[in-house]
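The structures considered in this document are given below.
Look for chain A in each of the two complexes below; its partner is chain B in the first and chain C in the second.
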Partner chain A sequence: MNRILAIALLSLRSAVRSRMVAVLMCLLVGIMALLPWVIKGDGTISGTIHLLLSYSLGLATTVIAMALLWAGSFAVSAEIQDKTIQTLATKPVSRFHLWAGKWLGLNLLGFLLLAFCGIVTYALLQAQLRSDRWTPDDLATVQRQLTAHAEFRPDQPDFEAQARHELVATPDRTRPDDRSPAERLQQRRQTLIAEFYSVRPLNRNQWTFSPLRGQTEDRPLILRYRFTSSVIGQDAVSGRWLIGTAEKPDQFTHTITHTPRVWNEITVPRHPDWSAKPIVVTYLNEDPGGATLLLDMDQGLTLLAPADPFAVNYLRVLLVKFAQLSFLTALGITAGCLFSLPVAALVSMYILLLVQLGSYIQGMATNEFSLTSAAGIERTTIDLALIAIYKGLAFLLSPLVPGDELTRLANGLLVTWWSALRHLTLQGLLMALLLGAFASYALNRRELALPQS
Partner chain B sequence: MTLLRSIGWMLLIMAGLSVAARLNRALVEDRRTYGITQADPAINAPPLVVFTTVALGGFRGIIADMLWMRSSRLQYEGKYFELVQLADWITKLEPRFTDVWAYHAWNLTYNISVLFSSPEDRWRWVRHGVTLLRDDGLRYNPDEPRLLFELGWFFQHKIGGDTDDAHLYYKQAWAADMQSLFGGGRPDFARIARDPVLRHTLMTDYKLDPALMQQIERDHGPLDWRLPQAHAIYWATRSRLVGGLVDAGFADRMIYQSMTDAFRRGLLVTREQNDRFILAPHLELLPYVLRVYEKAIENPTARVRAETGFRHFLREAIVLLYMYGRADQARGLLPRLRSMDPDISPTATLEQIVFSIYAGQGDQLTTETAYASVESSFYQSLFWQAMGDAEKAHGYDQLARLVWQRFMAPRMDRPDLKQRTGLPPIEEIRESARQRMVDSRSGRP
Partner chain C sequence: MNDSSPALVEVQHLSKVFRDFWRRPKVQAVDDVSFSIRRGEVFGLLGPNGSGKSTTIKMLLGLLFPTRGTIQVLGRSPRDVQNKRRIGYLPEESYLYSYLTSWETLDFYGRLFDLGPAERRARIDQLLDMIGLRHARNRVVGEFSKGMARRIGLAQALINDPDFIILDEPTSGLDPIGCRQIKDLILTLARRGKTILMTSHLLADVEDVCDRVAILYNGRVQAQGTIDELLQEAERFRLTLPHGVTRAQAEHLAAEAARLTGIPPELDHPRRDLEQFFLQVVEKARAAASSSSGVGSDQGVATYLRPAETTASNPSTPPTAPPPEDVDKALASLVRRDPPE
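Presenting the complex of A and B:
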């Protein structure tokens, strides 16, 4: 262990002395100092806080990742190039110890930089909240926005099984159908989902949520939803929400005229029954314009329960970010073990670029239509090759692409301890150590004492 | 030896750069001549934009694409916080691409604003769109007729029209801004010339050139600069000054439509005892509107539309003038209307024409025309009352109440429609007419 620690301290010292790392650190300080003043929000406090968290912290972690990838690539490859590694290689230090020492040292650097950015962002946030620009109403809104809320979604039936059952039980033979069985199943499933989330004019629909067990808070819940209206161009739709239990479904009622396509929120006082019994949410469509209301099928209806203060959620997000940085550091050092410095640096930066483009690549991979050269024309070989490349890249990048923790933090959604722990152990430790094992194997196979090595 | 080699390399690099710089000038000239690219070199652009466009080279297109995709995704997901920043970056990456400016400003002003229910929120987004075009778009493309026209359109249609539920809020907010700037509806150009701070605010913050405003006043009459029509005319005039024949056609249309609108509701009536925001006809603009139409008809590419617009204007103007007791002026427009409108009988009297036009409009009145009809009928009623003709006064009073009731009847059961397009209480309109009469007797405009 002492050997690893000694190597860690040496690599930390070497990284701090690196000119490139120094430049990136200056950039980091510049970002933290300037970015909050130059970004343009939408003029609301919610928007300002949202941008401060996602842009400042997001960009800062990218710069730290660049610094760590560079330092990681440099840590081994430069020593091999300078032949200073020979002094280490001749000592009784295993290749894995060498790798682990470098990784630990750079992780310490990453931890310190991330802590610095975290503290500065938190201080900027507090300064914003104390600004005279905002009214008490604004501050109340942002306090709600920053409090971490646990999300509860309605219990969904097994649409797949239901669709299969319906197609077998009541096959529609009244009209010719040239669709394949898989297509029919898929379409029936989509119809069932749409029916589950829609409310026809002058009709009602109900959703059941599991009881809020373990929720000791007595602060109100928030019903959050988004919908579209079947009447194109309609600005407002009227209706009524009822919330209660199966026996008393109207323990809370709220008549509302709400807007399609935006997130609507209703504060719901908590009822004691809801911690033991399932919560039944009913919507009565009373719109005089005859609009069918369709809730967003991905995340359209959520009950939010206040769970933790902002600071705790913030800490967990920083831990998740640290896990991601730790993995990238491991990646940089591994690249340095495999290649010469320029190649390792290039590979590392390329991987970082891919990671940053991850969501874009995944979006392209899931939306094959955007990769097809022309609509209505059969796919060409190039189209198919592009689709295969994007799908492959998306698969390879899936463990690396950063999650949406910053967005969740800014939207007041809970990032759980379990999520933070999972990132730390899986991404920050296990996957990093796997890379370490691979790097030490490669180092063992590599001749370090050659004159040209 | 190493030093000599380094110096040699440095000299070679400098020579290469010098040759490249000379070649670049010719290349840039060729690009401009042949119209190969829409992205001209960023002349007069701030260092950040020059750096971005030069340093990123062809990659800026890819970055703009990615930002655009993010912007679309966030908009689809209902997350609007970043859209102003993303629009700013996308436009800065392609600062000479006018379609990009026009699209993003439109998106903020039209698509996003209507997603909010409160007028304050909506106005914030409308303003974001206006400032994106006015403060940044025109900064990089100062003589781009398309952008000038788009900006004018925001004033004419989004703020000046009544298609948006919050249009009254927009008008009030803009009028409050202008009121603080000018201290009223009419700018005091002598004061602007004397006051460097005011002049700077006008030119830097609002991009309003006092010289051009004065020119517009001379050509188009005493406009109320608190209202959006004057600003639509201002931006359309700027677009006309720098555009070609087709652009001039579009700009002319915006000018005569805005002038018509200003004639119809270009007078801001404020009452000290309440904060009601009332727009009334600005009848003094009549000769200027006539002149604008006559000028627009001279443009062969826009003649047909301009003639149609002119015909509609004349019909509306005759009714309004008659209602406000300006029968002579209304009669003066008749020959022109008869020559343009085959539906008008050559032998019909003014009263017959007014009645037929008025009855024909009955079911299609806009809020402003309805207001004008009710107020002018009350005005006539008060006038004839003062003249001692009780019967005529009663008739006009009845007419005013009838119009109010007919207009408001379908709105009584629909609070949203009533709030958006309804008239003030009838007694309030009568008071407004009484005040107008008092003002006219005391010689106030």
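Presenting the complex of A and C:
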């Protein structure tokens, strides 16, 4: 351990004395302090908090990630290029010690930079909350945003099984169908999901939420949803929400005229029954315009329960970010162990590019139908190969693509301790150490004093 | 060292071929080299640039892998990590971290050997005294001249008090005083039973300190043996006359020799060794002026590198430097040989 710490301290010294840290700090201060001024917000305190957390802190962590990936790729390859490895590798230092020392040192640097950004952003946030610009109503509203809420989603039926059952039980033989069975199953499944989240005019739909067990809070719940209207151009839809249990579904009622395509939130006083019995949420579509309400299928309807203060949630989000930085650092160092200096730098840039495209690639892999030119047409071998490549890339990139933790934080949604610990142990430690084992194996097979051409 | 000492390094039929990106053979750097180094021996690898000396050393250290042949260092593979606790290595260039101070450099390498803080501090202070860089302990190595960096490189090679020391061109970049100090140090370490492998293309350096040498050319061993075996001309003799003999007496002796052998001998004046002459001049100048260069006056060999009985009386007191001409005598009185294991 002494050797690993010695190499870690060396890496840290190298970063500090090469002025990399000083330049990075200036850059980060610039991002955090100036970005909220440069980007025009919506003028609300909620928008300002979004700017600070999602944009400023998000960009700052991206810059740190880039710097660590870059520094990581240089950590070992530069030692080989400068030949200092020829002194270091003749000491009783295993290749894994070398990798782990570099990783620990750069992780420590990442931790310090992230902590710096975290503290500055928190200070800027507190300064905003104390600003004279905001009315007491603004500040009261933002309290919801600055409290971490646990999310509860409606229990969903097994759409896949239901679709399969329906296709077998009532096959549609009324029209010729050249779709493959898999495509018919997929389309039926999508239809069932859409029906689950839509409410036809003058109709009702019901969703059941599991009981809020273990919730000791007595603060009100929030019903949060986003929808679109089937009537194009309609900017207000009328209806009524009923919330209760199966026996008493109207323990809370709320008539509303709400706006499509934005997040709508209704404060719901908590009922004692809800901690033991399933909660039934009903929507009555009373819109005079005859619009069908189409709730967002991914996260369109949630019940939020206050869980933790903002600061604790903020800390957990920073831990998740640290785990991501740790993995990227490990990846950079591993690239430096495998390749010579210019190649390692190129590989790092390529990894960065993949990280930026990660969400797109994951989307392509998930929604594989978009890869074929049109539904109903048999996929070619090339289509199937593309799907396999996208799925493989999406799997490899899954630890790299930044999560939506900062957005959740800015929206007042809880990031659990479990999530933070899972990121730290799996991504920040286990997967990083796996990379370390691979890198040390590769370094053991690499001659470290080859003449440089 | 004697001939029955066990071999510390065994190299058998060692070859190294460097390949290009497509794995095609590019250069044969070492070709069927065999030698062994016995415990307590100072072994020299001689050869011109590109003869394969450094490549051989790098294979001994596990930095390069042999294409053919076997290497055993301290009875194990050169790639054995634990073995490296007993090895000290000075590379051909002092590959050091330019952003560390000389103290931090030695501290870093000391940590790699798991030396405790107190022992580390003591050794670093003694080494900095030994190499005459105590005054530069807080200067970053990147600012050093080549000679100063070389001295720090030597110090890092000795921080672990190694049993086997590999010195690749140890006197490269050093002034004559530095060269003399390095050679004295090598002799001291050898007397303590350390095994030393050094390379050089400066033949005088090797002749001064090595017990045995191997001469490499074009990757192959061209000659190998003790200095005497290699240099002695057994069929010729030299007669050295003492002080006080006059020219007339010497010419008379030469004429007598010519009469006896039928071949007239050469008669000339012996010359002093230029290095010795230089050192005497500098020592005289040093006595006149207190300091002259970036390297301060050295304080002799680091205490922990000397035999135990010479340091037990007062280990904290730095030793005073003996005059150059008395160095050998002083060192001889200080050192002992470690008993063979």
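We take it that the second predicted complex is superposed on the first by the 400 of 453 C-alpha atoms of A that agree within 3 Å, B and C clash if a C-alpha of one lies under 4 Å from a C-alpha of the other, contacts with A are read in each partner's own complex, and residues count from 1 in each chain.
Note that in this section contacts are C-beta pairs under 8 Å (C-beta built on N, C-alpha and C of every residue); 3 or more make two chains touch, one makes a residue touch a chain.
In this text, all values refer to a predicted model and were calculated from it rather than measured experimentally.
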### Message
Given the alignment on chain A, is it a clash or a fit between chain B and chain C?
### Response
fit
### Query
First (chain B), second (chain C), both or neither: which does A:K91 touch?
second
### Message
Taking the superposition on A as described, I'd like to know which of chain B and chain C A:A437 touches: first, second, both or neither.
### Response
neither
### Query
First (chain B), second (chain C), both or neither: which does A:L429 touch?
neither
### Task
Name the contact category of A:E447: first (chain B only), second (chain C only), both, or neither.
second
### Task
For A:R13, decide between first (touching chain B), second (touching chain C), both and neither.
second
### Message
Please give the least Cα distance, whole angstrom, that chain B and chain C reach in the superposed model.
### Response
19
#### Entry: Contacting residues of chain C [partner chain A, same complex]
18, 58, 61-65, 79, 81-82, 84-85, 87, 89, 91, 93, 95-97, 99-100, 104, 108-109, 111-114, 153, 156
### Task
Give every residue of chain A touching chain B within the complex, in rising order.
39-44, 46-47, 50-51, 54-55, 226, 235-236, 257-259, 261-263, 357, 360, 363
### Task
Using the touch rule from the top, collect the residues of chain A that touch chain C in their complex.
2-3, 5-6, 9-10, 13-14, 17-18, 82-94, 444, 447-451
### Parts of chain B lying in touch with chain A, wherever the complex brings them together
66, 69, 73, 78, 80-85, 88, 114-117, 124-125, 128, 165, 416
